[in-house]
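Chain IDs A, B, C and D follow the sequence of writing; residue 1 opens each chain.
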Amino acid sequence: MQPVRVAILGGSGYTALELIKILLRHPGAAIVAITSRQQEHIAELHPSLHHRLDLRCQPFDPDALQAQGVEVVFGCLPHGASMECIPPLLERGLRVIDLSADYRLRDVSVYEQWYHEKHRDPQNLAHAVYGLPEIYGAAIERARLVANPGCYPQTAILGLAPLLAHHRIEPAGIIIDSKSGVSGGGRTPKLNFHFPECNESVCAYGIGHHRHTPEIEQALSDIAGTPVNVLFTPHLIPMDRGILSTIYATPTGPIQEAELRELYRHYFARQPFIRIRNQPPATKDTAFTNFLDIYVQPVRGKILVIAAEDNLVRGASGVAVQNFNRLLGFDERTGLV
Amino acid sequence: MQPVRVAILGGSGYTALELIKILLRHPGAAIVAITSRQQEHIAELHPSLHHRLDLRCQPFDPDALQAQGVEVVFGCLPHGASMECIPPLLERGLRVIDLSADYRLRDVSVYEQWYHEKHRDPQNLAHAVYGLPEIYGAAIERARLVANPGCYPQTAILGLAPLLAHHRIEPAGIIIDSKSGVSGGGRTPKLNFHFPECNESVCAYGIGHHRHTPEIEQALSDIAGTPVNVLFTPHLIPMDRGILSTIYATPTGPIQEAELRELYRHYFARQPFIRIRNQPPATKDTAFTNFLDIYVQPVRGKILVIAAEDNLVRGASGVAVQNFNRLLGFDERTGLV
Amino acid sequence: MQPVRVAILGGSGYTALELIKILLRHPGAAIVAITSRQQEHIAELHPSLHHRLDLRCQPFDPDALQAQGVEVVFGCLPHGASMECIPPLLERGLRVIDLSADYRLRDVSVYEQWYHEKHRDPQNLAHAVYGLPEIYGAAIERARLVANPGCYPQTAILGLAPLLAHHRIEPAGIIIDSKSGVSGGGRTPKLNFHFPECNESVCAYGIGHHRHTPEIEQALSDIAGTPVNVLFTPHLIPMDRGILSTIYATPTGPIQEAELRELYRHYFARQPFIRIRNQPPATKDTAFTNFLDIYVQPVRGKILVIAAEDNLVRGASGVAVQNFNRLLGFDERTGLV
Amino acid sequence: MQPVRVAILGGSGYTALELIKILLRHPGAAIVAITSRQQEHIAELHPSLHHRLDLRCQPFDPDALQAQGVEVVFGCLPHGASMECIPPLLERGLRVIDLSADYRLRDVSVYEQWYHEKHRDPQNLAHAVYGLPEIYGAAIERARLVANPGCYPQTAILGLAPLLAHHRIEPAGIIIDSKSGVSGGGRTPKLNFHFPECNESVCAYGIGHHRHTPEIEQALSDIAGTPVNVLFTPHLIPMDRGILSTIYATPTGPIQEAELRELYRHYFARQPFIRIRNQPPATKDTAFTNFLDIYVQPVRGKILVIAAEDNLVRGASGVAVQNFNRLLGFDERTGLV
């Protein structure tokens, strides 16, 4: 069987690099095009790709991509730019996995409230599928446009799903205290990501207004069948990659640790990338993998959940390939183990 | 005026090193003795002290310390060892600032429950003063034995004090999510502090049973005048030093951000080392200083407090010198700015 | 075709972990046994292996390994221990790739001089092949015992091979200034690898007596056909992995940059894992890969060579699999790209 | 006695921040003005200065500085900008300690060759004194304009001074392999200082054309009384601060380790900030201090020197204050221990 011909939009950032590395190991995918404003050889942008991928970046041109026989496009553009480029691709019958936030929030007004800009493609938003395979797996398989989930939201949504699905916690007052490596901030140099600023330091940011909040609430409300509210506090940690979310929720009734863990094991029984741990995971346990590790414990009247992932693999490019596998009918693990 | 003659017990660890560096700049203190099982020159134990302190470590001997004219002793021993060494010093009339946990918990049974060992000096425990100057300042001035506070507890106690003193938050359901640099774990090599294990990684530890919990609750209950319960989750962060505590509490009634911040500014108006910040602090803002920075914001039905400090200075040796200054009648800031 | 049944001796360290991760992706190898003094499940020793390898460590027993059908054994034991365990395996007809230093130095007296202990298996040493595929490729294919090369030596040997093979530099006065991440020091907690000691710091160690010196000189002398002497200075860098060697040599005559680079490209033309770079490589360009990147430039009367690698992959477990591939007749790149 | 009124030009960078912190502890200096294009409160630019310095940055205006009674100006501007601002200050009789490179190279043509720009103030260059106190101490005391030395050059110059002064090494073929923390690159965000690029990585840069080369050679030639040539290779290390230079030189004749070390001890006998170490220093031993630690050892036909310093204190702002102390007649150590 011929490998599926794929293209990547926006090749200069970290999610594109991670995606390339994963796809190079994927027996069913061939990278035939990468777009970038910088039309350099991909190994000039990412020196680690020397001798691994011999491709020069090309300007974005939907006709050219179609002519190159591209079947699936991965979007690694910033939000805002994504909704400019994706409509012409869908029109030409290409399928798209978009790693930006443009198609994640079903409600246009919520998007506009949190992203402070007009949504310019409500038509495709209407049929986009939120690409969290463990929750929306069946819909992903039939999708033309997959809105790949955010890095933080996956830890929060998967960390809380079993509890909310089984009504074991109150849907209000949930606290999500997240810690992320710096690569989550992207590859554009900024003072707060300048090495001597963020090394040897920890700080919180985006308190009360981080854009992943409505994304978390949308999925959790789906799962709970009732509106869910969260207080989400992200922190910047001096490491390259990894997200650890420490989550605090109020149980609806008494529950034991063993029962809790069993609830989680059962809920995720068929999910190859979810590991229910007996000890609190370190982000390093998941580094460079598509695993998302979850630990749960009742403590002092609360239920505490810890979820760990690699923000670039599981949190972005790995789950994108997991979605690709579902979309194309590959085994979900292809290229990811 | 002659400088006060001081001794340090347990010279090989990080708090001792930090204490030495601070005291070398203190015009009113002279380090005349350092004890250690390793009877080496202090600069052999801590190479950064070459040409700065010419002193060989000596075995612990209370008579020798008395004969050397020592007036104040800083204890940098592990808990358990402290309560063995401190009684003979107090008997000989020396004053002691103990950086271990042995004299922090007033209730012997609480100590024994959390530290899993018998308290062997209840007599001195009875008159020990908890050395958090911003809260117990007057008592410290008259103390013979100061129990220097833990690193995490200071961020939690000072971060919540204004709210609890003014009954602006519920005394239950308080969540303290803390992030600490690795030096907080001490200088003894262990796998979880081995560089390739904890670098590039974040994890929680001691969930529900970290020994700083009762210390936090004791002080907060004093301040509130009613029992306070907290859920405290410490995390290990890949950096040398710094603690950031993100604290979530439930307000007793509506309160605005400006009012909150004013409440804090007023509460700490006379405290030279507390800075009420308008932006969330980074631990680096406090690195190598005795400042404790606090940020407070109402968010999504909760009050969120962030408190940052240097765990070795403010969290241990700096506050010990602040206590020393109060004990001896120096300006509180001496040697610390 | 059935995958080759392999065993790993000494499963608790970093090279074993890295080897396991590589072999799990290798279509021609099946890990059937891992030995360790700690007879725990491998995922207890290495939490990242949960759901990836379901194997309990077993005590070392050559008969058991033979009975399990093991064909190739990877030794991840410390030097000294290796030469105890390997003879009985070879006797039973198993082939061995030993990652320790025990079989690297052909001359027993050199081993004993640098390792300060008696060599207890000179018989097998006599037929062991030094496992640097780019230099000793043909011999590796016929070997029963491969002495996998050290991490530093590979950067030095491959970095200098083209120059010495073509007599373009003097064989004396070569300076190798190497910088290594901390994982190179192993997984046993020690003060100099304790996070707060080695983080935010750089230092040299083993000056003039590091044991990789004779290993470098042995291979370089083979290549040059004349004795080569080097001054090798390793440094510890605050990062998990990566080695960068900056090498200074004296040219035997004038040579231009372009000619130099062409010499390197030609010398390594058939080597899939050597990349001759036009810019000085960063260790990160090679992280988690088996590539060794080389840069060469004439500068101020010297020839400067920079060689970068991942010390755990290329420097240890990756090259071990490369050797395995040669030994078993697989494509050299299998499992490594 | 009134403290000396000082101003700082260019308050937004790391050397200015470090200088402010040192001067705040200096009993003989009062910071009365800080200039910056960003006319914000200094604590807005550097949050660590909250409650420590209450000063708003002002635009550069030599008349205003004079009117404010400023006596000494520290220049923390980039090279090029310095030589624009300094002439009008000298004209008004202010003394200047310039931390840029503009006045370090006596020979205008050398400056223009290495900095690729015209020198626009040769007149003041003619009387500027190179501010390395251990070498040019007497001249500094009489200077009107001190050219504060570069960070790397200090390790190289002081590391080699005793050997060259006593003709114990050849003046040619000297190799200086230096490793620096990232703060040495300044505070302007750039891709190569972006956390996820330089963390977990080491690389060389500026090979053969780093601008500190002629500065090193100028001072070493002064000391040797003959032209000295060096090959200087800087490397970027994932840490905030610290420089370690590993230096290789060829001895002019046989010399023993003890004699070497004695030579160094004697040469620097009166220098309070030079520590001759018996063990290779780690940069951390010197962190946040003005000490420069030197280790020397004969090895394999070469003399190896290791010199370690904090690049922001000893390498820039600390030595600037040391120069200030000499200029003003204070004890050299004032504010620095």
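Following the convention adopted for this analysis, contacts are C-beta pairs under 8 Å (C-beta built on N, C-alpha and C of every residue); 3 or more make two chains touch, one makes a residue touch a chain.
Predicted, not measured: the structure shown is a model, and the values here were computed from it.
Student: Which pair in B-D, B-C or A-C has the same interface as A-D, with over half of the contact pairs matching by residue number?
Tutor: So the equivalent interface, with over half the same contact pairs, is B-C.
Student: Out of B-C and C-D, which chain pair has the most contact pairs?
Tutor: Between the chain pairs B-C and C-D, C-D carries more contacts.
Student: So what's the Cα centroid distance for chain B and chain D, whole Å?
Tutor: Computed value for the inter-centroid distance: 36 Å.
Student: Give, as an integer number of Å, the spacing between the C-alpha centres of chain D and chain C.
Tutor: That pair's centroid distance is 40 Å.
Student: Any idea how many Å lie between the Cα centroids of chain B and chain C?
Tutor: Whole-Å distance between the two chain centres: 46.
Student: So which bits of chain C are touching at least two other chains?
Tutor: Touching at least two other chains: 181, 197, 199-200, 238-241, 281-282, 284, 287.
Student: Could you please specify the touching residues of chain A with respect to chain B in the complex?
Tutor: It is residues 172-173, 175, 177, 179, 181, 197, 199-205, 207-208, 229-231, 233, 235, 237-242, 244, 246, 248, 280-284, 287, 297, 299-302, 304, 306, 308 of chain A that touch chain B.
Student: Under the definition above, what is the set of chain C residues touching chain B in their complex?
Tutor: Chain C residues touching chain B: 14, 181-183, 187, 189-191, 193-200, 238-241.
Student: Quick check: in the complex, which residue numbers of chain A touch chain C?
Tutor: Answer in residue numbers: 24-25, 47-48, 50-52, 200, 272, 275, 277, 279, 281-282, 284-289, 291, 293, 337.
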